[in-house]
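Two complexes come next, and they have one chain in common, chain A, joined by chain B in the first and chain C in the second.
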Partner chain A sequence: MLDFLFTYRGPIVGTLFLALIATIVWAVLYGRKLMRTEKSDAVFGNPERALGGWHWVITGVSFILLLWFYFSWDAARAFRPVAANEFCQVDKLSSAGNPIRSVLPLEKSFLKGTSLLVRENRQLSDLADDLERLGFSDTEKAEAKEIVSLMRLAIVGATSPQYLDASTQTRFVDIESRITALTAKLANEGYPGAPTAAQEEAAANIARWGDSGNEIPYAPATPLGYKFAAAAVEMKAISKDFIKIKNTNEHFLGQVDELKSQIAAFDTKAKAATGLDELLVENRADFFKGLTHVLRRVDDGNIFPPDALNGIQTALVALDGEQKSQQGGLKYFGALMMPGGEIRAGSNSCSEQGSGRWLPKPSDTLRTFVRISNPEIGYKGNPLLWYKMKPFGEMVDLVVPDFISSFVPGDFPRHDENGVVTPNLKSKVHDFVTGNFVSFKVPMPAGHVWDSLIRVVAGLFFGILLGVPLGLFMGLSRFSKGFFDPIIELYRPVPPLAWAPLILTIFGIQDDGKIFLLFMVAFAIMVVSARTGATGTNLSKIHAAHSLGASKGQILRKVILPNSLPEILTGIRIAIGVCWGTLVAAEMLAGTTGIGFVENVARKQSDYEIIWTTIIILGLLGLLFDLMMRWVIDKTIPWRGKG
Partner chain B sequence: MKPMKNLLKKATFTAIGLTFAASASADINVAYFLEWATPNQIAKVEKTYDEALGEKVNWVNFASGVAMTEAMLSGDIDISFSQGMAPFVNAINANAPLKAVGIAVVYGAGGDCVVSNASGITKDNASELEGQSVAVPLNTMSDFEFRMTMVNLGVDVSKITVVDQEPADAAVSLTDGQVAMACGFGENSLSKMKEVGKPIFTLAEKTAAGIESYDIVSVSEKFAEENPEALKTFMEVTSQANADFAKDQSKISVIASDAGMSVDKTKKQMAGFSFPSAEVQVNEYLSKDGKVATLLPFMGKMFATAAAPAKADYSAVIDASFLGATPAVAATLESLAERVMSLEAKVKTLETK
Partner chain C sequence: MSDLVAKDLSMVFDVGSGGQVHALKNINFTLKNGELLSVLGPSGCGKTTLLNIIAGFNRPTGGAVYLGDEEIEGPGVNRGMVFQQGALFEWLTVSENISFGLRMKGGTSKGSQKRVDEWLDIVGLSGFGNVPTYQLSGGMQQRIALARCLINDPDLILMDEPLGALDALTREKMQALVLKIWKETGTTIMIITHSVEEALLLGERLFVMAPRPGRIHKEYNLPFAEMGVTQDTRDIKNTPEFIQTREEILTMIWDMEEEIMGQT
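Let's look at the complex of A and B:
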């Protein structure tokens, strides 16, 4: 049934997307109508004004879903499933031109040659400044200066058009004409002709967008795709030839050779100088290293005359313009429906980058959720939430402490010569308390969600059980306030994660450590809220009860406790939220199961679908608990705020 | 109100200006690990990279290879030095446009699986691990090492309770006897583990079992396309630093302080490291049927998930052209073929389990 859903995910998501927009529009209109027609006596500040408004709940939920559908590109995928594949081909072409584009002032502000020139000249100036401090003799200094100025000249030699080799010039013109030819081809309707049989076969075999993970089909499958893919292949060849072009004019090469020999000669001469300070020798070595570095970079031959690349730039801009217009409606679709990122072509795969990558599509997340909910698949060998038939003995083991068997007199039996073990009373008791006996099986919930739930509930339970009485006590007694205050206030502000290493050593890797961490969080909150509740009790109520002859216990039970209930229940509500928040940290300690464990493992693989699934599960569980607490609050303290 | 507004306006413009200045700078950003001693840290400290590249090189330390991938994808990092193979292969499975352009470190002893003395387990009775707990940082190179070790010793991994722990936490659990074995990396954590236990395999045994790990130098494809010269220079300086260090180890204290370890620990760690020359990298590791090409599909299968399935072909993500060494005719073809066969056999045993 779910496979069926996935096959038709396009129409389903598309309908949902439109329905969500319609819902929001309807809710806004309805809200406005309500405002006009509804007569309310409540003045500003009256909480009654915040009652009702379920249509705003629908709007809020729809709005979140709408954002999710939109920014994860699920809507885009629904309305135009081939868009990703086509964008993949488009980016193949534009990234094929990257080596050329990065040299030109198209995406960057400066021509690459210009930045190189500025950089090398700056470094030469630095070297020239250093020269004064290196203890060279005057003749040596002059010689070194000459080298620096010769280096500058060499750079000028590379930039002046008069020295540019005719062959280099021809190669530039060749590149330019090839790009122009490609532009013309791109504009041609018939290009690249009918797809070959191999291409058609590849197109027939490609998966759909996102069939497995964030995969985007790589092979072209549409007329637009064939065109761009073919152009990309040609562009790649052009780029490859382009980066081979180096400035190799005779004049420049001659200068570089001369420089090399000069630096070498100067270096040997300087090295021969004796009786110099060690530091000075090192600095001199650095100076020569610096000179050689600059020379080697100049020797790369990436600096050309300023206007040498103009033709190529014009051709490339024309190509970019043509490929934009060839995209037609696709580029508007991309701008409108695929916000916050783009599709990038790599060497053997295309991928979504930006929000499309880190925000998985709702339909895919649902599929992942359904998949790992299947108890036979689960995650890392455990189901999300399922039941397991557990022998009754295991529960006995859990409840009855194991050390009882050591109180039974005698020794544990040993095996005899025939290898037979005869059980005695001691071993029988031991078998019972460790649950090692044949027993009927009962179904027990199991899985990541259940394990997390148990941990949170146990932490909360102990937190409330111990925190509330202590809080009340602290609100009523000077001793306990003074005695417990420092301890609680000292540990309360420490983030739970900071406790992690300590708890690991004290409690080990079993559940008790994780539960203790959650308990600590819940406990502090409960103490503070119960204490605030107790101290906030109206004194006149206590006096009234007292004068009517109530005992201490009666005052505590009948006056103080009910009056602190609003604070205590609010505290529980906060504690629930914080406990779910701490769960991920607690399960990071030593993960074997739990939602936090799932998230920690998925994080290491950047498996965003699983991460979002866990986020949603955590959110929903938190919401469920909160709704329960709201119900409890409504039932137990309906008088709150009305006294 | 007026002056306040002006001030705000000015502040905004300055902020925008600063952002532009930051994005316009052509610095090269390199990711690296602390507690991971490599000779090129001398070049890093002495600014050899900056001089050779003519640009400022920013070194940013990372806690995990996954974070390096994320930073490369967002464009904040250009080169990741010594990214583990595990996060790299995960990234490739998830279609990230990255490339392996060199080998940073080859290590046998950088990571280890340590069995506690209290458990009384050695490699001879390793099957006793079944039914016990083992601490492993999942989806890392240690995870790979753990599984390879268990396959080699014939231990059924599915019967072991695997506890996902960071190496530092795993060391604590091993000390307390909570787990029988802990796998991890990082010299500080490992030496703590070795105080209470012994590695299940010696370095020689690991090599014999084919458990050799290497960290790679990975780059984003865009950076490699646009700055081939810079990348070449970077690899050259790295090779030079490795060669210099092989001749003269006097500067080990520089590495130690940069890696954040004591000199002793650094020496110990580096004893288990090797840094292949550009020629060796090109011929043995990054060649068509080199070690990386054999290991990548194997690991790709191991870490594949439903959302990021293994690729049919990983050869496109290996690029040795920036190393500046020419591939020689592989004299070791025979041994390579053997490696492929043994790895394939292991894949099969993994699959059948």
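Let's look at the complex of A and C:
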């Protein structure tokens, strides 16, 4: 069944997507039709306004699903499964031209040469300003200024067209013509010719979009793909040759050599000076370091005359234009159906970036959810929610306290000379209470969800069991209010997670520690709410019960407890929410099972599908708990707010 | 018999900064078994304090109250209470509220169910046994409160402004009900009220109390309650005698209020 869904996910998701759009349109039209029947002046006074209406629920749910399908690119994948692979080839070509593009003012505002020139000149000005505080003599200062102005001249030497080498010029022209040739090839229908057998085989065996997480099949598989992939290979070679070109004209090299010797000479002279304090020596060293760095960068030869690259720029723009037009419908498809990100080609893989990456596709998420729901697969060795056959003895051991065997008279048997142990009554009782007997097996729930659930339920149970009576007593007796208030009010405001490291160290990172942490959370909330309920009990109710012959205990159980129920139940509802939050965070902190653990592992592996799966599970469980509590509240305290 | 006797009853409250307030001072009276007493007075004259002492919720600072031969030292089943706001247990049904006292004494038998049904019938709520109390109107809730304390067969019923929160029509019906119960059960009843008409109608005897210190200012013996058992209460209220007494007491309370206002 799942395999079938997986194989035909394209048509299924596509149909669903269209159905969602149709549903929204229908529900909106239906809602408007209903609205038109309402009297316009009764719109705000209409009590049915607050009821909502199921068609608006459908609209809302459909809208969320639609957004999910859209921004996760599940819809794009359904309607054009090869789109990702084709975009991968397109980006291969784009990124192949990036070394050239980064030099030109295409994506950036300035020519790279311009930016470098501005930066080096600013550095030189800074260095010249620094001269004043370096304690040089006037002649030395003049010499240093001479070096700085020489360096400025050298930069001019690099930018001046008259000094540019003829050979460099030829190489620029060569690059330009190669790019133009590639543009022409790209426009050619036949380029790059029929795919080779190896290419075809690779295309036939190619994985589908999303079969391996966020990665996209790398090899080209469509005519468009073949064309862009082939062009990318050529473009890569062109780029490689381009970045080798440096400004190395004779005039410029001569200036650089001259500068090097001058700086060295000045440096030696400056170092020879004695009797300077340490700070000054350090500052002078920095000055020379600065000079040398600027010179080294200028020597790299990345600054060319301003118009030297014009031809290449024109050719590259033409190539980009041709590339866009060769994409045809693909670019419109990308703009329309793949919002919030793009597909990037790396050196040996393509991947989704943006919303397509962190928002997993609904179909993939469902598949992952069903896969890890399978108890035989599960996650990290545990199912999500399943059952295990456990011997009945384990349950006896859990429920019956072990110390019972100590009350049986007599001693435990010892082994005799032959090494035989004869059991007596005491040892038999001991075997029973520790669950050490052959017993039938009973199914018990198990798994990550169950572990989280049982921790919350256990923490809540003990919190309610101890918190409610204490809260009631604190509401009724001055002694217990005064005695317990400082303890509870001191530990309650501390965020539960701040307790976690301590509690987990004392009680262990498995169930005990977490249950105790949740107990602390639930206990404080239950004490406060039960106390509020008890203090809020109407005095005349207590008087009435008293004069009807109720004893103190009876008043507590029959009047104050039921009277506090609304507050107590509200407290439980709040405690459930806080406990969930604390538990998931505590499980992320430490442990080997639980929903928080699953999410934490998934986070470390950037497995967005699992992350979203756990988020959805947590959301559904929270909703379930709250609905349950609402039902309980409706059933047990229908008088709330009416007394 | 079980007469209610107050001897030199005093109640002094400490207020902040060392001051003291004489809520009650040297109250002496005897209420014979089966008498109907209404207590009237301006606010702050110690009516409720007196009632709370008799109920046993407060201990007096001087003197004592006796019911029969026993001194009152705490709340007891022999004195039933009816409050202004029913003070019903809204988590229980009408029947469960009424049988509350019986259950506190231990167990419910078939006999007790029968008594609950009888009382439901007397207060005019038969058929409402299984209804939750919060669904009923204020008048119905007061009927339940009456039945709840009467089922215990108390020697004395104490009512603290029992009809104060009801609308005028319901109030008149309830006044008739109180008279009917008084006559049929022969219980001693003490009613505290703000309404002069109600005090006249529901009082075989009437204490007008005065404040600072709280004391019994004037005592009346009235025929209207006896008349009310047989006649329509509205006719009684229109008799010249009733009107005359009403005006006299109203003037008296009015003067007391004036005096209080003048003091402050």
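FYI, the second predicted complex is superposed on the first by the 493 of 643 C-alpha atoms of A that agree within 3 Å, B and C clash if a C-alpha of one lies under 4 Å from a C-alpha of the other, contacts with A are read in each partner's own complex, and residues count from 1 in each chain.
Just so we're on the same page, a residue touches a chain if its C-beta (ideal position, glycine included) is under 8 Å from a C-beta of that chain, and two chains touch if they have at least 3 such contacts.
What you see is a predicted model, and the numbers here were worked out from it, not measured in a lab.
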A:S547 touches, of chain B and chain C: first, second, both or neither? second
Contacts of A:D91 with chain B and chain C, given as first, second, both or neither: neither
Which superposed partner A:I637 touches (first chain B, second chain C, both, neither): second
Residue ranges of chain A in contact with chain C within the complex: 538, 540-541, 543-551, 554, 558-559, 562-563, 565, 637-639, 642-643
Complex contact set, residues of chain C against chain A: 55-57, 75-77, 79-81, 83-85, 87, 89-91, 100-101, 104-105, 132-134, 145, 148-149, 152
Complex contacts: residues of chain A adjacent to chain B: 95, 98-99, 101-102, 109, 115, 119-120, 123, 212-216, 243, 289-290, 293-294, 296-297, 300, 302, 344-351, 353, 357, 364, 368, 371, 380-381, 500-501, 504-505, 508-510, 589-592, 597, 600-601, 603-610
Residue ranges of chain B touching chain A (in the complex, touch as defined): 24, 26, 51-52, 54-55, 64, 66, 69-70, 73, 87, 90-91, 94-99, 133, 135, 138-140, 158, 161-165, 168-169, 172-173, 176, 178-179, 221-222, 225-229, 303, 305-309, 311, 313, 316-317
